[in-house]
Structures are given as structure tokens and as C-alpha cells.
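In order of appearance the chains are A, B, C, D and E, and numbering begins at 1 in each one.
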Amino acid sequence: MKNYKHEHKIMNENTAKLSLLAYNPVSFVETVVQDIRDCTQLRQEHEVMWINLDGVKDSKQVKKVGMYFDLHPLLIEDICNTNIRPKIEFYQDHIFVSLKMLSYQREEKNLFIEQVSLILGNNYILSFQEDIEGDVFEPIREKIRKQHNGKVRNSNAAYLFYSMLDAIVDGYTITLEDINEGLEKLEEEIIEKEAERNPTKELYEFRKKLKSVYKHINPVREISSVLLRTENDTMKSVQQLQKVHIYLQDVNDHTLQVIENAEAYIDATANLLDLYLSILSNKTNDVMKFLTIFSSIFLPLTFIAGVYGMNFEKMPELHFEYGYYAVWGLMLAIALGTYWYFKNKRLF
Amino acid sequence: MKNYKHEHKIMNENTAKLSLLAYNPVSFVETVVQDIRDCTQLRQEHEVMWINLDGVKDSKQVKKVGMYFDLHPLLIEDICNTNIRPKIEFYQDHIFVSLKMLSYQREEKNLFIEQVSLILGNNYILSFQEDIEGDVFEPIREKIRKQHNGKVRNSNAAYLFYSMLDAIVDGYTITLEDINEGLEKLEEEIIEKEAERNPTKELYEFRKKLKSVYKHINPVREISSVLLRTENDTMKSVQQLQKVHIYLQDVNDHTLQVIENAEAYIDATANLLDLYLSILSNKTNDVMKFLTIFSSIFLPLTFIAGVYGMNFEKMPELHFEYGYYAVWGLMLAIALGTYWYFKNKRLF
Amino acid sequence: MKNYKHEHKIMNENTAKLSLLAYNPVSFVETVVQDIRDCTQLRQEHEVMWINLDGVKDSKQVKKVGMYFDLHPLLIEDICNTNIRPKIEFYQDHIFVSLKMLSYQREEKNLFIEQVSLILGNNYILSFQEDIEGDVFEPIREKIRKQHNGKVRNSNAAYLFYSMLDAIVDGYTITLEDINEGLEKLEEEIIEKEAERNPTKELYEFRKKLKSVYKHINPVREISSVLLRTENDTMKSVQQLQKVHIYLQDVNDHTLQVIENAEAYIDATANLLDLYLSILSNKTNDVMKFLTIFSSIFLPLTFIAGVYGMNFEKMPELHFEYGYYAVWGLMLAIALGTYWYFKNKRLF
Amino acid sequence: MKNYKHEHKIMNENTAKLSLLAYNPVSFVETVVQDIRDCTQLRQEHEVMWINLDGVKDSKQVKKVGMYFDLHPLLIEDICNTNIRPKIEFYQDHIFVSLKMLSYQREEKNLFIEQVSLILGNNYILSFQEDIEGDVFEPIREKIRKQHNGKVRNSNAAYLFYSMLDAIVDGYTITLEDINEGLEKLEEEIIEKEAERNPTKELYEFRKKLKSVYKHINPVREISSVLLRTENDTMKSVQQLQKVHIYLQDVNDHTLQVIENAEAYIDATANLLDLYLSILSNKTNDVMKFLTIFSSIFLPLTFIAGVYGMNFEKMPELHFEYGYYAVWGLMLAIALGTYWYFKNKRLF
Amino acid sequence: MKNYKHEHKIMNENTAKLSLLAYNPVSFVETVVQDIRDCTQLRQEHEVMWINLDGVKDSKQVKKVGMYFDLHPLLIEDICNTNIRPKIEFYQDHIFVSLKMLSYQREEKNLFIEQVSLILGNNYILSFQEDIEGDVFEPIREKIRKQHNGKVRNSNAAYLFYSMLDAIVDGYTITLEDINEGLEKLEEEIIEKEAERNPTKELYEFRKKLKSVYKHINPVREISSVLLRTENDTMKSVQQLQKVHIYLQDVNDHTLQVIENAEAYIDATANLLDLYLSILSNKTNDVMKFLTIFSSIFLPLTFIAGVYGMNFEKMPELHFEYGYYAVWGLMLAIALGTYWYFKNKRLF
């Protein structure tokens, strides 16, 4: 996956990895494929075939797979271009969905974004991943490998398609919760430590990441609602979807919830910034008040001391027996009076 | 119910409590059920049966009930997952509604949120509550027990369903009014005491709670409007709703009002913060003005005193007969002049 | 009417006042009614009958009237509950509209809100007012009494219904203009007197009142647009509306305009607050600048005076013939230099 | 036209001026009319007749015209009431459009708003203007007078109607550009002169004017889109519109653009205020920094001078040979050190 | 192209340049045309003809071309008026699209906007560019010239039309990315250098440019979605569009993405301003704190020194053996105490 700051990993462009997972209720095959044409026979022997390609920068390999499955040139272009907006497209024989997988490192506060293209064909799934390593589909593979009575093994390709969408949307939820955890720590610090440290930059970074997440997951709302509205469609490609309609409803619910959460978290960063700035305004006001009270007490005193430090020949007070003590008394009276004034009039 | 900060109570996962309330105009039965299969006979003897399960963490019990009533596995999952977005789903034989019950402790300022799932079947209601203790349905139970001529006892399950929705939405109204009461106290304090105390954190907490409430009640708008739009539906499960259509309209009205109120209260927190910050800006300005006027008066005076404290051999003024008094006169003149200047020119 | 701060007047709950106004082009009857059943005969003799009940807290009376006119229990509940959101409901035989009458005391800045429920039946109007005293319908009564050739006397009940809606919406316009007048005075003061007085609280109060008004008049938009869309309806209760369709269009136009005005005035309070805060920021900046310039001039001078006030044995300058005058010259030079510096470099 | 501050010109209410312009491709007549009934014959002789009334305060004259052309009483009321929201209404025989003409004096910064009501009848146009002097239709009159081969002279009344709408919308564009010119001058001043002068009030005035313009032109969007959607209507009054459909599309485009511009300019005032306040914050920060650095340098120095100004009997330093010079050295060191400290650590 | 500040290049109005590019799969012709009528024959010999006119200020030439292709006078007006809102219009024989080409100079931070009008006729394209030099269509011309097996050469005029739209939208993407690059540099500076320099004006300029871009590209959303919704249209002019429907979908996707990006960048400028102002508030608070602590330490010390600088005859402390040292001790104690106080109580 790539960091959301668009730092692309350098990688050899010819290193796409093609793997295949074919299964029916009775058996399954998992293998790395060299030439896409090798899978023709496996396809006939199994109910569902899932071909996964890691590394779409290797556009040659993508094109080979695309041509084998008769994909439109524009569709192949969309697979290779890793900057496209999540979208869904219906073709006569297959459905194309492009979206992003998200993940987040809590310690380093890195957000990773990887584009994944899914194609649901008659009895196959093609998935094209931007990077070579890591995806959110491992639990599904495990289920296929181990649970031969499981729902996946006993269902059609559309169910696998649903499972993959579900895994991706679950990834969104986890990513958001991880980001939110950091945000809640920051909130606690601001509230309990009275905003000692300047949290502005951190808040800015959180907000930026959340907006980035939002931008990538918001279009999924359309995708999942389009998938739900296919009920009366006669296109061959969408008919198998109707068997998993209730599951797609589930994905749709999760998508709505995850988008609402993202909105709530973005809103929370704004509220936190407001909170911090309000506390800061309050502190600045307190500091000013302190300075003003302090100055109001000492400025007159220093002035009086200055007066009796003057060198005039004739200053009668200087020769009074208790002049010095009287001045101390005066200064004390002024200090206390000023203090009392601020205390009582609550002028500020 | 759980606190909105997601502090889950630890509880034994096998402690779900299953209770049953069956009635017809003539008689009613209220009992705790050990095995869901025991209720088969009661079901035949009474018009309406209401089965309530407290503690959905006990997923085994939930599953048992779910299988007895032939609920879809995804629906059972939704009942057990206490973090789902409020929603409504129509099945052939029943209607599923999931929403939140809210309550608020005014003293401790705690907001409690508990998920409740309602299923309206042919002549039964299932309700699944997140926690074991407390709900908003007690008044309904009282009516069933005591008013055998009452509307509930003499109506179908859909009327009970309406009554429960109504009780939940009433709970929203009460929760919001309780929160708002605290907000109004804060408003009074800010306005009357001129923002002596920093109310920022409290406002932040109120805002957060109101946003949390809003997030949970806003989706109910959809639910209640969907319930209203079922008039011409042929699904068996929704036909009984048509008999209580006018009551559902009532719930819808209440829902709209409670959501509008939540929006208004959220808006009020923002306005209050603006008010406080404006008052604070004003006070900071006043403090600065005071400091500036004070400094403007004493800085020149201290300077003059300093001048005549210098030790130059030849300073003619020092030897004047009335030099000292003249300087006092000068200083007084400066002080009064400055004061007059600020007073009249309203420079600031 | 009740104050928008929800201070309910204490009143005897049995004091509802029932009055009747029946008319046809030829004659009219106006009377206070003790028992609603007394009006049966009057109803037959006159084209249109308008029954008005003041004081809906007296729920017994409301129920009696409701039962006489065969109103649904939920509708009677809505009439007695003075906190419901403005709404319209269609029944087979009548149309129910609930909304608020508004009025404003310019001197005391009090906003009064009173709920009024209107029911348009076949040839009668029922109106239920929250309080006993005062309404906006007096001009209509006057027209009925005096203009026997007037449009009201010669039209059906729907025209009276329109007249009453129109009077209520006109009341909104007047209320808003009255509030706005206060707002414009405040604006003038802020602009001309350069924000001498802190207008924050007043602005906050205006904003709150305007939001309250907006909340009560915004739902009327729906009501009036629903009334317009009844053209092709076959319900008996709405057919008479079609004769006054062009008048309802008029009410709709007024409603739109009054809502737009409310939005504009709310927006104006925000702009005014921004204006005030900008002026305040400017003044704080000016005060700071003044203090800084003042300090920058006097701090060095006081320092120099302090230096030559030191008591070192050997300070050659003290013995110079013109030392004292030289220091004065130096200090003058510094003061002028600093002043010139600020004047010319416009550093701030 | 009236100033947007609602300062109505005092004028004699009986001074409405009625003028007539009738034309066909061959000839045209332009005359002032005393009695509306005089125009009956002219109407038969010419293809198109345009009757213009200046001064709708003279409601008697308006009514006479209205009755001659058989206008609905409510419509006549709308013509005389100069505070109505721009709107369109379809009658069997004519179309009624009410909107505002705008103009702006760049020097005095006055915005003028005048209501104009247009009625498109079978082969006539009625226009009712609020004030007596000035309108935006003069170029159209010129075209009618001089270009007998022109499009206006050779088209139906609907084309004249389009021309008038177009002239009004063009007036909006000009008004907005004139206001925007002032805004751009202010922007230049803020950016280049670093916000020397407080532009807050001016910005507030611009914003207020733009909002006023927006309020008056926004409803025109509806009017022009309604005019476009009349294509399949069978009402007699709208059929002639279909011949100028492409021209109405043009008006619609202009309207959309002028509304977008108004929104952009309103947005620009907000951005300019933000810019100014940011610059101001920066300046306040700079002033504070200057004061702090200055104080940090002089406070210690003055203190040291004060110390050696004390009169203790035993102060060894005072008797040192180079004590005075040492103190100067110390003070210089402190001053330079503080300066260096601020310069290097960039503490602020 | 013209700078977005509306500085129009002065140019001779008779300098429109008319060029022609006609092609079929076998051959192509590229020539400058003097008289539009010369192209009649070329039109018959080639599948597709593209006539490009640079410099629409030369309205005579535009009119000649327009009349040759039988364009509506209003359409010709729209071509010559370079300030119109992007729009699409359908005529019986052709489709008219008007939009803007954008480009950006990264160094000089200049945004250029040029209007371009496209007309898709039966087997021809007309393009009218505002300025004489430079456009975004050069790569398309290259493809036509060199790739005789290419998709353009072998497709109809609608494909060329798509290619041109695509090139324009690609230009938007590049422009936005170029602007965003500058914005990211500014962001880095604000975050890393702690807002040393005031970035307000630069941010304001970026925001203004982005808003200008947004204003010009947002209406393209409508255009491209209208182009997609033409599927079932029977108009001759739109039928050829159906062959490139999938490509238009592609343009639509790009448009949506570029608009979303523009919104995100505008939002980013607001967030950056907030970040800067928060950092600035923090710094002001720090400066104030520093000044206050510094003053709180030195004001009392200076006062004490002043006290013992007084010239009273009887001041016992002055004669104490260690009076001077005791005072130093006192002053040190006060200084340390104050420091300790601020350090420990975290009063601010």
C-alpha cells in the first residue's frame, strides 16, 4: 500500500505476481500462475475461480490478463491508473469495481492507501492490487482453505465478491478506529493538562488524514447503493448479484456507518481545535490580567520611591522624623488598596 | 445501558434473561422463560405475544430465539452487534428495527446508550436489549397488566410495536430536555456572571453529548418515514402496519421534532461559545486598555522623578526655592492631562 | 400567548372560552357558547360556522368539542399538547392544521408564541387557541361583522380558512419586522459609535429569538405547499380548497418570503457579530500599539536618568559643565528619534 | 428606484404616468395615455402593444388598467405591493412576472431597487414600475423606434417580453460588476498597504449590499426555469412563449451566471475579512514581540542603575576606580546578550 | 489564454486564424484556410473535418464560419462573448459546448483561462478559441498526423469530440496539481518553520485562484452528465454520441474527480489558514507569558532599589553593616521565588 502522501515505492515494473485460487464445495486449488492461459482447465473443474494480481505497475501482465478475460481497453487503463476515483461499471459479462484498501500504523501515524480493482465475472473474480505485499483478503483465503462446509466454499462467485467488499469496508472501520484512538488521546491531553502543549499541528495532521480517508470512502456509498439497485436488471452480469442481495445490503449498512463515523471524526477535530483555542484565549486573558494587576501595584510604588530619591535642596518630607516610615505606610496602603480594588470590583 | 464513552460493563455472557408477556382482551400471562420452545402453546392461546431478551452479549440465547422464530443469520448477527447504525429491514414474515434507547443522569452528566432490536412478526413482538437492567417499556407493561379495556390489550401486535417505538422516541425527548436544562444553566451563568468561570470544557462536553445523541436519533427519521410509506405494500409482514398507520404518523412527527430539537441545541452550544469568546475578547480589550492608561500616566512621572534624582553637579532646578513643589505640580499636570486625553478623545 | 422562554402562565384549567361566529351573506350570529351541542341549529341556518376555543389547557372542553365534531383521539391530543411541531393532516371529513401565532413587544423585547389549531370541516372552522386572551383574527371578525358584501361573508369555509392562515402569516411578518427594527438600531450603534458598548449579549438574544421564530415558521412552508398540491385529490375534505387555490398560492408566497426574511435576519446577526469583533480586534491592536510606542519612548529615558542617578565616586559626566543639559539633549534626541522611527517605518 | 435601505421617496400618489408603445413591422405609435380605454383602437391596428405605468403607488390608476385587461384582484394587489418576492404566475390569458430592477451608483455607493411587474398577454405587454423615473428598457424602445427591420419589430409580444427580461438581467450583471469594482479596490488596498486602514465597515457594507442583491435575484432562477419548462403546456397564455424558447434559454443562462457571480462576490467579502483579520493578528503579534524585546532589554538595565543609585553606607563597588565603567560594561553585555538571545533562539 | 485577473491581451481584431484538419483512415489534410467556403470539397473527401478558429474577437470571421455551417445567431453570439458560463446546447444538426481551457505557470503563479467553444456536427468539429496562441489539442493533432492506424483516425467525429473534451479536462487536472504543489510547499513551510513568515496573503491568492478554477470547472459536471444521458434521444445530432458512450463515461469520471480535488484543495487552504492562526495565537500567548514573567521579576526588584535610593534623613537600613548585602539577598530571594512560583504553579 502507498502512504497517503503519495510516496510511491520504487519497484521493478515487471514484478507483478499472479496467483489463483479455485474452489468448489469438494476441493480447492491454490497456485501461483506464470501464464494466464494455464488457468483455462482449472476454470472448468471448479465452481469459482479467483485470480489475484499484485502490482498493477506491471501493465503488460495486467493487459495479458485483461485480454484473456476480454476486458475493455478503458477498463484495463483504469486498473493500471492508481489515482482513479472509486467507481463501479457494468459490462455485459462482468462488473468492474475500483476502490481503495486502507490501513494505518498507530505508532508511526502513517496512513496507507492501496487501490484494488475487482471484476466479478460469470464464475470468476479478478482482483488487481496496486502493491505486491499485504491485503485484507487473507481471512477469506483461510476460510476457503479450511472451511469446506463454509458459506464461501458453497456459494457462487458473487458471494466471494461480497466477502471481498466486506473485508475492504471492515478495513475502513479499523483504520478509522485506529485514527480516532489517537484523536481521543489528544482530546484527553487537551482537557486534562489544560492545553499545555500546542496540539495544533497534530490536530491538523489528524484532520488531513481523516479528510483523505473520507475522500476515498465516500464514493463507496454510491457503489454499494448501485449494487443494491440491480434487482430488476436483465444484464447477465448482475443476475448472480441477486442471490447475495441481503449480503450487499449488509455491506451498504456498514459503508453508511463508516462514512458517518468519518464525518463525525472530522467534525471532532474542528471541535477540538475550537476547544484548544478557547482555552488558549482564556489563558492569554489570564496572563494579561496578571501583568496588569502586577503593573498597577508596582508602577505607583516605584514612582513614589523615585519622588523621594530626587535631589531637590528643599524637600521637607525628607527631614520628617518618621518620613521614611510614613512613605512605607503610604506605599503599603496603595498596594493593598489596589489589590482590594481588583478583588472587589471584578473590574475585569 | 452503556455510557456514551463506550465503557462496557463487564458481565457474564451467559446471563441473558428471557421474559414473555402474552395477552388478549380477556387475559394476560407474564412469565420468565427458560427455553424458548415453552412458549409455543402460549402463542396459540393469546392474540399478541411479546418476548423480551435482556443481554444480547449472550449470543447463544439470541441464536436459540432467532432460530425458533426463523430469523436470518445476518439479522441475528445484527442483534448481537451492539454498534450498528439504527435501521429497518423488511423480511417476508417480519419487520426488523434496530435503534438506541437513550437516558441521561442530570447530576453526573452521564449519557447512557443502549441498543434495542425490535422484530414485529405476525402476532408477536421480539425485543432484544443490550443490557440486563432498565428499559423504557415499563409503562407499556403496566398498561397491559392493568387496563384490560385499554387500547393495547384490544389491538394487534402492530399497535404494541407502535407503543414501543413511541416510548423510545419519548425517551429521546426526555434525554434531550435533560441535557438542555444543563445547557440553559450554563447560558445563564455566562450571561449573568459575565463569563467569570471558563465554561469552554463544559460546552465542549455538552456539544459532544448532543452530537452523539444526534448521531443515534437521526437515522430514526428514515426508519419512521419508511414505516409510513408501506401503505400499498403486499408483503405479509407490513400489512398489519396499515391498521396503525395514523399512529406511525404520530411517531414520525415526534421523531422529526426531536431531531429538530437536537439540531437546535447543537446550534445553541456553538452560539454560546461565540458569546463567551466575544465577552472574553471584550474583557481582554478592557484589561489592555487599563494597563495602557495606567502605564501612560506613570511612565512619564517616574521618568521625571528619575531626572531630578540624577547627581549632576550643576542642575539649577534643584536649587530653586520651590523646585520640588514645581515638579509635583508638573507631574500632577501631566497625570491629569493624560487622564483627560483618554477620557475625551476616546482614542481607543 | 406564551413567552418563548417557556414561562407558562398559571391559569385555571377549567376556563376555556368557547365562542361561535356563524354567517351567511344575509346575516351573522356571534355568541359565547356554553354547551357545544347548542350550536347544531345555528349550523343549519348559516353557510359557515366558526367555533373558537380559547385555552386548550382545559382538555375536557376540547374533548367535548372534538367528540361533537367526531375528531380522532390523536388529533384531540395534538390540540391539547402545546409543544407540537407545526403540521397538517388530512382526514376524510376535515383538514387539521396546527401552527403558532407570534407577537413581539418592541419595548420589553419579549417574543410571545401561542399555538393555534385549525380544523376545516365541510362548512365549519374550528380554531383552538393556547391562551385565553388575544389573537390575530380580530380583523377577520370585523370584516364578517361589517362587510356583508365582503368576500368573506360571500364565500365558503375554505375562504375563511385562508383568511385565518393569511392573518397568522401576516403576524409572522410583523413580528420579524419588529425584531429587525431592534437589530437595525444595534447595527447603527455599532457602526457609528465604533462599538463603544459591548453588544454581544444583545446580539445573542436577537439571534436566539430569530432562531426560535425560524423554528416555528419553517415547517409552515411544508403546510402551505401541501395545501397547494391538493388539486387532483378526491378526498371530500380537500375539494373546497380548490375554490380558493389562488388564495392559497398567495399564502404560500408570503410564507416563502417571511422564511427568507428570517434567514436573512439570522444571517445579519452573525455578520454584525463579525463586524463588532473585527472592530474590537482593531481597537485592541491600536491600544497595544499605543502602549508599545509609549513604552519604547520612556523606557530608555528612565534608564538614562537612572544611570546618572548612580552614586559611583568616579562618574566624569557628572562634573561636566553642561552635563545635565547634554543629557537632556540626549534624551530629547532619543525620544524624537523613536517617534520618527515609528512614524516613518510604519513598522507595525 | 428606491435605495436598498428602504428610504422611500415621498411622492404624490396620484402621479402615475401611463405611456403606450404599439408597433408592427410597418409602423409604430408612442404616446402618453390619459385613459386606458383610449388604447382599444391602437390595439387593433398594431401587432404588439406595450403599456407602461410608472408609479404603482397610484393604486387607482393600476386598478383601472387592471380592470381593463381583466386582471385578478390578487394580481393587482401584488403589483401595488412593492415588497413582494420575485415570482411568476400563469393565468388563462396572461403570464404575470414580478421582479426587481437594480442599479448602483459607484461614487456614492448607493444601491437602488425598483420593483417591476410584467404581464404578457395575447398581443400586449403591461409593465408596472415602482417609481416614475428611469428604467432599463430605453434601449428596447430605441430599437422599436429606429430599427423597423429589427427583430423586435418583426416578432410577437413574447419576444418583447424576452427583451425586457434580458434587459433586467443585464442590469443585474452591471450592478454586480459595479459593486465588485469597489470590492476589488478594497482588496488591493488591504493587500498592498498591509491593512493600514480598518476596512471592516466597508466590507460589511459591501457584504450587506451583495446579500440584498442576491436576495432579489435568486428567485429569478425559478422564474426563468419555469418559463423554460412550459414547452408542452396547452394554456393559451404560454403558447407564444414557445416561439422564443431559445431566447428564454439565453435569459436562463445569464440568470444562472449572475447568481453564481453574486455568490462568488459574497464569498469574496468573507475571504477578504479573513485576510484582513489574519494580517491584523500578525501585526498585533509583531507589536507584542517588539514590546517584549524592548522591555526585556531595558528592565534589567534600569534595575542595575537603580541598584547603584541606592544610598547604603557601605557599597564597595561605588568606590572602585573603574566601577562606573564596569557597570556600563555589564549593562552593555546584558543588552547585547538579550538581543543575541532573541535573535538566535527564535524563542517566539 | 487570458490571466484570471481579466487582463485582456490587446490584439488586432481582424487576426482570427482559421485552420483545417481533415482525415480518414487513409489520408489527412492540414491547412490554413482563407475563406471558409474553400473547405466544401475537402469535406466530401474525408470522413472527419476539424475546423479550428483562433481569436474569437474577430467576430466577422466567426460569423462567416457560423453562417457557412448554419449556426443560430444566439450561438454565434455565445462564441464571441468570452465571459459565458460553461454550457451545452442541443440543436437539430449539431451540439454546442462552451467551456474553458486552463493553464498555470508555476514560477510566476499565473493562472490563464481561455474560452473554447466546440461544435459537433454530422461529420465535422468546429472549435473556436479565445486567443491565438496555444491550446491543449496538440497531442490530438499529433495522433491524427502520425497514427493512421490509431483510434482517432479510424473513428467518427464524436470520437474526436471526446478526445478534445478529454484533453481539456486533463488540462484541469494538471492545472490543479500545479497549484496544489505550491500549496504543499507553503504547508511545509508553515509546519516546519513554525509560521515565521506571514503566509496569509499567499494563502489568500491560492484560495482565490482555486475558487476561480472551481467556478469554471464545476459547470462541466452538468455538461458531461448531460452528454451521458442522451442514450435514447432521437435527435440526429446526438446519435453519433452513442458510439462513444463509454468514452464519455470516462470523461465524466475524470470531471467528477477533478471537481472533488478542487474542493479538497479549497478546503485545504482554509485548514492551512486555521493552522497558521492557531500557531500565531500560541506564539502571541508565549510572548505575553514571557513579558509577564520578566516584568513580574524585575518590577519588584526595581521598586526595592528605588526604596533604598530615597534620600530620607532617617533610614536605619542604610547604616546597617551588611544592609547592602541583605538587600541583594532579598532581591535574589524575590527573583528566585517568583521564578519558582511560575515554574511550579503553572498559573498560566
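The definition used in the following text is that a contact is a pair of C-beta atoms (placed from the backbone, for glycine too) under 8 Å apart; a residue touches a chain by one contact, two chains touch by 3 or more.
What you see is a predicted model; the values in this text were computed from it and never measured.
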Point to revise | Size of the rotation, in steps of 5 degrees, that lays the CA trace of chain C over chain D | key: 70
Point to revise | Homomeric contact chain D-chain E: same or different residue positions, threshold half | key: different
Point to revise | Euclidean distance of C-alpha centroids - chain C vs chain E, Å | key: 42
Check your understanding: Taking each chain's centre as the mean of its CA atoms, how far is chain A from chain B in angstrom?
Key -> 26
Review point. Could you say which residues in chain D touch two or more other chains, in rising order?
Key: 281, 284, 288, 291, 295, 299, 302, 306, 309-311, 315
Review point. Which of line, ring, star, complete or other matches the graph of chains that touch?
Key: ring
Practice item. Could you list the chains in ring order, beginning with chain C and heading to chain D next? Key: C, D, E, A, B
Revision key, fill the gap. Given the complex, residues on chain C that touch chain D span 191, 246-247, 249-250, 253, 256-257, 260, 264, 267-268, 271, 274-275, 278-279, 281-282, 284-285, 288-289, 291-292, 295-296, 299-300, 302-303, 306-307, 309-315, 346-348
Check your understanding: Which bits of chain B are touching chain A when the two form their complex?
Key -> 72, 74, 84-85, 87, 89, 196, 198, 200-201, 204, 207-208, 211, 215, 273, 276-277, 280-281, 283-284, 286-288, 290-291, 294-295, 298-299, 301-302, 305-306, 308-311, 315, 317-319, 321-324, 327
